[in-house]
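For reference, the structures are reproduced in the following blocks.
There are two complexes below, and they share chain A, which is joined by chain B in the first and by chain C in the second.
Coming up: the complex of A and B.
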């Protein structure tokens, strides 16, 4: 069997593992050969590999940001742990892991501990939904994009829970800002996605990506939608210039003021998990995902793991733009942020839907090619 | 949400030092503010009474830790007036150059801290990088980077080392394009403008009434600058313009400080040219030993008779990077000043904060307070 997808790897490992146990303890060989058991174990292995890969990528993303931000600021960034500071974040994580996590006396225990945990877990769920390459994530859901956005919008709930239960004024203000900001920016994001759906005719991320391969002027009708989506994502990720909920100049650390040790690490990690997932989402929706346009030589896309390579390359480039923005822009104020969201982005996103619909009606543009019609 | 008081400080990223801003807020709106200062009080004025005149200089560096040279200059002027000593010409020019370098360093430090409050990290590091070059210059001729102990009653400790003018000019040549870069990063950014325009407005009449001085006063349209109005040192012999703005808001203070940096560079260039052509002594001859000697010569009773000392009162005012600072030194005869009193510009600027904070939003506190350029060391003294 040619191993081409992650699912194949997981299945192979599960079979090998159970076969090994069966050989060591012969009486167990027959029950362990059960197909359901192998499939179940394969699913677990699949999840474990996915989790490990996404965590490592998240940590590499932090490294990438630190190094790139360092260059923008005329310094080097982390240099000492590992080659060019590659292991610095692992060292930082271990340090946080060793720290005592304490809870303020009047904080609500359940919300205080459950909030960050749920925040991290729901953020990680994103990687179960996002297809990273053909066959990487098995079973393409017909509504996977919608599911991804739903999972993405869990965050303000848990942020607000942890902020409220911290029993700290800064946390509470930060949490309320966070909730207001994320809810305000959900709307333009969803409307921008509608434009994508109109052009691709599908809610399935796999289909959306595959459509883009054949239709290389994809970004033309969706330029406006992409601008709106990227801006909205910037706010959803709470990155500068929209990082008001944790504006450290006035709110100390915003909603995670009272958190230390591993719970703080959960927040940091979840922030970058969301940043990674958001960047992947942008690449999937607007930049062709793991595919390259069909006129690109096949050699560029035919090497092993080419899909993942191109997807990650594009993801890091998109994130690089976010880092660039962070290095260059100050932070806006809450009322300005909400005004940008409600009064600029929502009209723009509506306009983007109209533009996308117009392109679908025209269907074929000379020279450029034909729009994949609604529903194929 | 109902009204509540929040304490911004004493340990809060906005304060840039050790003070507490109590803010009564309703949602995001500021209803009332109450600055609490004194966390960093070291009794510098009282300690000065127990020290020899030159030993007070050490305390001056610690009064404002980002503008040590300016405070040394302030104290030295008052002390020289009180003691009836004059410094040689070259020493005066070196002092003036030092003060302008200090103004540059202080304003760059302010710029770095101010933009960082707005969430801009890169200019912060650019500022720190460029300030380091000025600190290198200080190190080249005083040996210290923050606490110099360089000026002396009757002159300065030592002359400029060989090659210093060249090094200084190189730094200035590097800094000038950097200032343009700073400006482009801030004034070229719409977000920066929307965060700063029309915030923290304090009108000229209010500034005068409240004793607010320095860039805050000039940003409101006033042209008051002690360097021009009551020239001290050799400021009457150099050419420079007083930087002003009209709005009296955060942007105005930003513009005034940026322009002041350019003017400082202008002054320093003229000073360096003068120093090139006028060698000479940098400290007066025949200074009494008790001025700076760690152990003063003592008489038979353990101290010199008071009548042997000169008496006098010295009052000086300088345009410190943060505003107008005054020093009052009373010499009742003796090895130590009888009384030393300072006027800190930041203390007045900060005390007026209810006049320029109320009515704005919580998110406006960092840019507004950042534009005040708080140095807690000189507030509390």
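Coming up: the complex of A and C.
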């Protein structure tokens, strides 16, 4: 069996594990050889690998941002723990583990503790839905993209719960801003996604990615939708031009003012988990996911785990653009933020839907000619 | 006025593409510039005073960095040549932070102990006045800047420690400010002097000699003078104007002035 995808790795590990147990305890060999059992264990292993990989990738994303932001500011970023500071964030995480977690006297205990936990857990749930390579199609859903966006929009609820229950004016203001901002930017995001759905004719992320492989200049008619989606994602992730909920210059630390130690680490981690998931979502929807255009040599996509490699490369490039935006642009005001969301992005996203519909009707790009192999 | 400002703002509409594009271009330029090597120095591993690094910086900046420029005139830890120190106390006098104590060092004769400056770097502001005031040029500042220590007591550098720094032959920064020569000399108020020898004893340069003066018989009706017939004579060319003699004089008969 050729190991080409992550699922193959998990299946191989499950087979090897059950085979080893069967070899050690011979009477169990026959029942352990059951295909369904192997499949179930492989799914578990796959989930564990996915969780660990997403966590490690999240921490590496923080490292990537620190190093890249350093270059933007003509400095080096983390340097000393590990090679070029690769292990610095692990050290920081260990430090947060050792810290005392305390609750303000008048804070509501349930919300205070449940908020960050639910925020992190729902953020990690994204990776169960996002396909990272072809091998993940075993767990795919017909409406996986919709489910991903629904999970993505859980966040304001938990942010608001934790902000309200920490009984602090800065937290409350930050939580309210967060809720207002996320609701304002959900609408253009979903409308921009409608444009993708119109072109690809499917809500399944696997299908959407495979459509892009056949049709490599996918992003041309969807440029407007992509700009709207990226802007909305910036607001959803609360990254710098839109980081009003935790504007450290005006609100102390926004909705996580009262959190310290491991609970703060939950928030920090969940923010970057969302950044990673959002970047992956952008790659899947607009940049071809784990595929490369069909005209590139097959050798580039045939090595083991090629899909994950290309997906992560594109993801890090997209995140690099986010860091670039963070390094360059100042924070917008609340009224500007809401005006951009409601009065600029929503018309633009509606226009992108119209463009996509017209494109599907004509099935042609004026410069590049007609595309016969399109779905939809 | 406010309406004017608003009118001005309205007359020049901001281009949204320019607002976003200009900072992005600036950031990208900076990123490309520092991608290979940022300007910061990885301090414990790279040092500014490293000649290789200096050449590299000079090449990259296109501006040669000569001796005495940029970091050669850095004012760091002092180097003290204990052998040439004359214990004149001028460094301690000139110190604005009162961080210099004169401590006894071995080497002087028991009657005339040798005292050298001991500097508390916890208080020192690295102004260089002491180095400037030193008449013998034995106290100068080096470019050494690594002073951090977990103990406060280790911030006090004894003369021996600064002598060790001197012996390492670090790049020195002898601070000598251009200034008019001190015209003042030490003058003697003759009638007050009691010839006690304190000034000659404590003079660091031994430029004061006690000369016998002829005995003068008291005039009728006058009390005999208190002096014991010796009087300091100061060799102006050897004097470093440290003022030790003035401070030790019990009768305050020595003072600053000009020979007229």
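In the analysis below, the second predicted complex is superposed on the first by the 337 of 376 C-alpha atoms of A that agree within 3 Å, B and C clash if a C-alpha of one lies under 4 Å from a C-alpha of the other, contacts with A are read in each partner's own complex, and residues count from 1 in each chain.
We take it that contacts are C-beta pairs under 8 Å (C-beta built on N, C-alpha and C of every residue); 3 or more make two chains touch, one makes a residue touch a chain.
No experiment lies behind these values; they were computed from the predicted model shown.
Undergrad: Per the contact definition in the header, classify A:173: touching chain B only (first), chain C only (second), both, or neither.
TA: The answer is first: A:173 touches chain B but not chain C.
Undergrad: Given the superposition on chain A, which partner contacts more residues in chain A: chain B or chain C?
TA: Ranking chain B and chain C by residues of chain A touched puts B first.
Undergrad: According to the stated criteria, A:71 is in contact with first (chain B), second (chain C), both, or neither; which is it?
TA: The answer is second: A:71 touches chain C but not chain B.
Undergrad: Return first, second, both or neither, reflecting whether A:300 touches chain B, chain C, both chains, or no partner chain.
TA: In the superposition, A:300 contacts neither chain B nor chain C.
Undergrad: Just checking: does A:56 make contact with chain B only, chain C only, both, or neither of them? Give me first, second, both or neither.
TA: neither
Undergrad: According to the stated criteria, A:240 is in contact with first (chain B), second (chain C), both, or neither; which is it?
TA: After superposing on A, A:240 lies in contact with chain B but is clear of chain C.
Undergrad: For A:328, is the partner it touches chain B (first), chain C (second), both, or none of the two (neither)?
TA: The answer is both, since A:328 touches chain B and chain C.
Undergrad: Taking the superposition as given, does A:79 touch the first partner, chain B, the second, chain C, both, or neither?
TA: Once the two structures are laid over each other on A, A:79 reaches chain C alone.
Undergrad: State which residues of chain A lie in both footprints, the one left by chain B and the one left by chain C.
TA: 72-75, 327-330
Undergrad: What part of chain A is in contact with chain C in the complex they form?
TA: For this pair, the touching residues of chain A are 68, 70-76, 79, 324-325, 327-330.
Undergrad: With touch defined as at the start, can you tell me which chain B residues reach chain A in the complex?
TA: 1, 4, 6, 8, 12-14, 28, 115-122, 124-126, 129, 185, 189, 191-192, 194-195, 361-366, 370
Undergrad: Can you check the complex and tell me which residues of chain A touch chain B?
TA: 69, 72-75, 169-170, 173, 176, 240-241, 243-244, 247-252, 326-336
Undergrad: Name, in rising order, each residue of chain C that touches chain A in their complex.
TA: Within the complex, chain C touches chain A at residues 20, 23-24, 26-28, 30-31, 33-35, 38-40, 42.
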